[in-house]
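Listed below are the structures to be examined.
Next come two complexes, and both contain chain A; in the first it sits with chain B, in the second with chain C.
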Partner chain A sequence: MARRLMLALFSALFVLYVAGPVLWLLSSSLQMESEITAVPPNWLPPHPGMHNFVAIFSAGDSAAYTNRGIAGFLPSGAANLLPSLYNSLQVGLWVAALNLLVSLTAAYAIAVIDFKGRRATLYTVLATRVIPDIALVVPLFLVIRNLGLINSIGALVVTYLAVTVPFTIFILISYFEGIPRDLYRASRIDGCGHWGALRHVYLPLSLPALVAALMFAFLTSWNEFLFALVLTQSAAAQTLPIIIAGFVMDFTTSFSFVNAAGVIAILPPVLLAVIFQRYIVSGLTAGAVKG
Partner chain B sequence: MAAITLQGVTKRYGSVTAVQALDLAIHEGEFMVLLGPSGCGKTTTLNMIAGLEEISDGTLLFDANDVTRLPPHQREVAMVFQSYALYPNKTVAENIAFPLKLRRVPKAEIERAVAGVAEQLELTPLLQRRPNQLSGGQRQRVALGRAIVRNPSVFLMDEPLSNLDATLRLSMRSLIKRLHHRLKATFVYVTHDQAEALTLADRIAVMQGGVVQQLDTPEGIYERPANTFVASFLGSPQINLLREGLPRPSWVAEGREVIIGLRPEDVARPAAGLVTLGGRVELVSPLGSETQLEVALGSASVTLRVPKDWRVNEGETLEFGIDPARLHVFDATTERRIAP
Partner chain C sequence: MRLRLSYDDRSAAILVLPVLAVLLVVAAYPILYSFWVSLHDIVLTRPLRRPFVWFENYERMLGDARFHTAVLRTTLYTVVTVTVTTVLAVGVALFLNESFRGNRLLNTLLLLPWATPSIVNGLMWKWIYDPTYGLMNALLVKLGLIDSYRAWLGDPDLTLLLISNAAIWKQMPLAALLLLVTMKAIPDDLYRAAKVDGATVFQRFVHVTLPALRPGLMLVLVYETMISIRHFDLFLIMTQGGPGDASYTLSWLIYVETFRSLRFGTGAALSYLLAMLTFLLSWLFIRFLGERNS
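Right after this comes the complex of A and B.
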């Protein structure tokens, strides 16, 4: 009994630890600046309202500054928030799609086709992820600049693919190797070439792994900060993390505004997670254990 | 229909040779069984015929066409796997229709073909089920259906009955045999089960160590095994192979070291024209229709199968007759068969 009580207590503490900041983010995004900074804090919004979100969505208008009185201070980069949200979505979707396309074909080749040097290929791909990102920033900056891609969404897409593709290949290979080889053989006999085998056998049977790969790529690019900071310099290509971080670094910080922006930032990934939740769980476990 | 010819076909994995310079001519419409213990190269050979394994050396012909480097989907062979290999995300009907769909056969024709195959294999009530809702026997029938729906000229079967229970195996065996009679296609069938090989095959290729040890009709393989390996691989219980204790046929040269083989069933009551031997009965195992005995013969022990009316008890001395003409003689060094 005592054991179960302790278990429940620690579980509750853990949930609070993980969910607490998110709940505070939600709560404070519905409060006025003065209510957020009140002591003792208002755990629940005393006068809940959407004013912060209204401020965000109208920050681009010249008339927006009339909202100041409601939302507190508007940070100087507030007008960039929505464009950066759009940039983030664009980058995330491109990375998710291209990552899957590249990794799928690579993983199929390495897992299924018996060619000379397949193990070496896999290790080479994985080895690229041993180097920490911080060591790559400067060389990557130079390469991207020489390609004329600085301050473009393309720069981010290419860079993030370099991060996500090796891991995705690895996840997909373990998953593919768990699909009975005889199914591949049967499909070849039935009349499939390699594309056919990929389409008719490997794609439908590895749906969980594919969804996991999509989520992984999208979330990685959605959250990424370091490369985005270095490779983009204006609102034309800057992503959400950069813009939101800019709010905090201002001389004055509007917590109500920042928190509302935070809520908007976590919405797409949370939505994705809710939609694909049942696939992700089985996808990650199934990909992890080869069998 | 197609004749299959393997000329010096070799398969190497790194430094390991799985199949060594195999020459094998499979006639059009023939039921050829590749028989051998696991690791003998029979499945590798089948996979090379299918195009699922690359051929390291040698030539593979279908009729007069060189298909050595052709990918599997261009060889027009059908294959049935030990694991059934049904597509788990497709229904029975979709599984059977799949090869036709890939060949862009018109939809109406596909439906007709699937219905026909389903009726032949008694699968009609199962057409909308998925493989995980089927029993092992039903799954293997679906796999057969997927193979025959295309009317291929070559059927390859890789131990298709190994995962089935004994009763089902017997009925599937006769189903396959009837299928062969009806389709008159060339069948290549891999198994390690001698009973399957003997009942199904027109000819059997017994393999070991990547080499065909003997290629002959089932009767020929059983009656005239080419070496001690083939002799002991076929027959249950195994043939008795003794260096001494069994009579040497008179034609064997004096002083030549030989191994004498006696099939357990080649014994009779002592009679004129038979050589009479005797020994203590060590073990009696009644099998219903007959009795299996282990009898001490000098320092060795032989296994005999006798009619059930031979009433013998353990510990008794049994006298039995053997026909010297039924004995198998092998050279003691090469272990190859020697004949008069």
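Right after this comes the complex of A and C.
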């Protein structure tokens, strides 16, 4: 009995701590500006409504913005929100697909083939993630500028590819190493080359790891901020975090609007995390037990 | 002598080539180039004169008062963030390791902070800390813990800890998951044996759980340190180094030096100092925690 009571208490604390802040954000996003600036605050929206979301999706139409209960003023970046949402999606999908494609072959080579320079390749790949991002920002900016990619989706895709590939390779290698070696030998005896072994043995058997890799690449791209801040300059390529950060630092933006934008940014990653929970957890913890 | 490559070598070369090409252009080259930049006196407002100055940028920064402040702030922030994250994660992992109804649901919920983009995390907590409309003031007044509303992030003694709190909220889940996996791998026999020997719950935790958790703990400590020490997003969103220099960390100093003062040379030198600090700390962790293990 005491145990059940303790567990219930801990569960309540856990839910409060983990979900509380997000619920407050959600509650704020459903309130009008006049309700959100009440003192003391409304814990729950007195008249829950989607006004803020409507304002966002009408892409900066000042009428929709005013409808939310404050005088007709439109924050300068409001029109960029919808395009940035589209940019974020596009970058995320490209990175996820390309990341999987190049990591898959590299991970196969490193995990399965005993080639000259195998260790060196592995360490090179992992070592690129040891330098802090902020140290890379300036030289990367110069490289991207020389490639003529500044302020383009392509710049972000290439950059995030480099950021996500080491981790994907790490996950895939630890997964591939768990696939019985006999299957590989059998496929080689049956006349498969490395390409055939990858296609017919490793690819079909490592679906969970592939899903995890796709998720990580997408989530990392969706959430990344620093590189996007430096490599993009206009609505043509700016991603959601950049636009939201702009709102937060702009004094004239209304709180309810910012909170609604935050909810929109949080939604896709959270949904993906919940749907693919099993794969994500096994992917995240790959190698943790081996130590 | 002719170099002859076997079928294996040739296949491997083709298979790893795309990854190496990407990493070479967008990671390896910038890393080396950044080092080259750090040896030059490059200021963007003076584009034509960029003399090679050896390690002068490093010397200048090591003697700069802002650098000392930044190291102090970064250390405090990192130590607090990593310690609290780890302790909290051990607690959560122990809790989720119990079997009870609703356990799976809580496991799912744990992914919520992990999936939250850091920018949203920043704006969410900034909103909670808001001096007039924030949740924190309302809650603390209601509980009778404070008499009047406060500007939380404006208090230099609290700023760093409050930012740290936001970071902990986001980072704890991954740490807890890693520890939970390690915990699940501990054989039940060990606990049964300890019970037979009359060990209390606390003794079982200290003598069975903790030693078995060491590899997981080390992973968590090294990983959390490496990412906390370079945190940037939260600082930009929440305080921009302020109030005064209360949240002036190394990442923030690098950002200001590079993008506000446009001194690329010293910015790059600072980046390398940060990278070295990261290496040093990870090495210390592995060294001291690893040794007690064996």
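Note that in this section the second predicted complex is superposed on the first by the 253 of 291 C-alpha atoms of A that agree within 3 Å, B and C clash if a C-alpha of one lies under 4 Å from a C-alpha of the other, contacts with A are read in each partner's own complex, and residues count from 1 in each chain.
Simple rule for what comes next: a contact is a pair of C-beta atoms (placed from the backbone, for glycine too) under 8 Å apart; a residue touches a chain by one contact, two chains touch by 3 or more.
A quick note: this is a predicted structure, and the numbers were derived from the prediction, not measured.
Visitor: Should the pairing of chain B and chain C on chain A count as a clash or a fit in the superposition?
Guide: Chain B/chain C on chain A - fit side by side.
Visitor: Considering only touches as defined above, state whether A:Leu16 meets chain B (first), chain C (second), both or neither.
Guide: Neither partner.
Visitor: Looking at A:Leu226, would you say it contacts chain B, chain C, both, or neither? Reply first, second, both or neither.
Guide: A:Leu226: touches chain C, not chain B.
Visitor: More residues of chain A are touched by which partner: chain B or chain C?
Guide: Looking at chain B versus chain C, the one contacting more residues of chain A is C.
Visitor: After superposition on the shared chain, which partner residues are touched by A:Ala109: those of chain B (first), chain C (second), both, or neither?
Guide: A:Ala109: touches chain C, not chain B.
Visitor: What is the contact status of A:Ile275 with respect to chain B (first) and chain C (second): first, second, both, or neither?
Guide: Neither partner.
Visitor: With both structures superposed on the shared chain, find the angle between the C-alpha centres of chain B and chain C as seen from the C-alpha centre of chain A, to the nearest 10 degrees.
Guide: Taking the centre of chain A as apex, the angle works out to 90 degrees.
Visitor: Taking the superposition as given, does A:Gly193 touch the first partner, chain B, the second, chain C, both, or neither?
Guide: Both partners, chain B and chain C.
Visitor: After the superposition, pull out the minimum Cα separation from chain B to chain C in whole angstrom, please.
Guide: Between chain B and chain C, the shortest C-alpha distance works out to 8 Å.
Visitor: Residues on chain A in contact with chain B in one complex and with chain C in the other?
Guide: Chain A residues touching both partners: 114, 193.
Visitor: Which chain A residues qualify as touching chain B in the complex?
Guide: Contacts found on chain A: 114, 180, 182-183, 185-193, 196, 200-201, 204-205.
Visitor: Which chain C residues qualify as touching chain A in the complex?
Guide: 7-9, 11-16, 18-20, 22-23, 25-31, 33-34, 37, 92, 95, 98, 100, 102, 106-120, 122-128, 130, 132-135, 138, 141-142, 169, 173-174, 177-178, 181-182, 185, 215-216, 218-219, 226, 229-230, 232-233, 236-237, 251, 254-255, 258-259, 264, 267-268, 271-272, 274-275, 278-279
Visitor: Which residues of chain A touch chain C in their complex?
Guide: These residues of chain A touch chain C: 4, 7, 10-11, 14-15, 17-19, 21-22, 24-25, 28, 36-41, 101-103, 105-106, 108-110, 113-116, 118, 121, 124-125, 128, 130-140, 142-143, 158-159, 161-162, 165-166, 169, 193-195, 219, 222-223, 225-226, 230, 240-241, 244-245, 247-249, 255, 258-259, 262, 265-266, 269-270, 272-274, 277, 280-281, 284-285, 288-289, 291.
Visitor: Under the touch definition given earlier, write down the residues of chain B that touch chain A in their complex.
Guide: Residues of chain B touching chain A: 47, 50-52, 54, 71-73, 77-79, 81-89, 98-99, 102-103, 146, 156.
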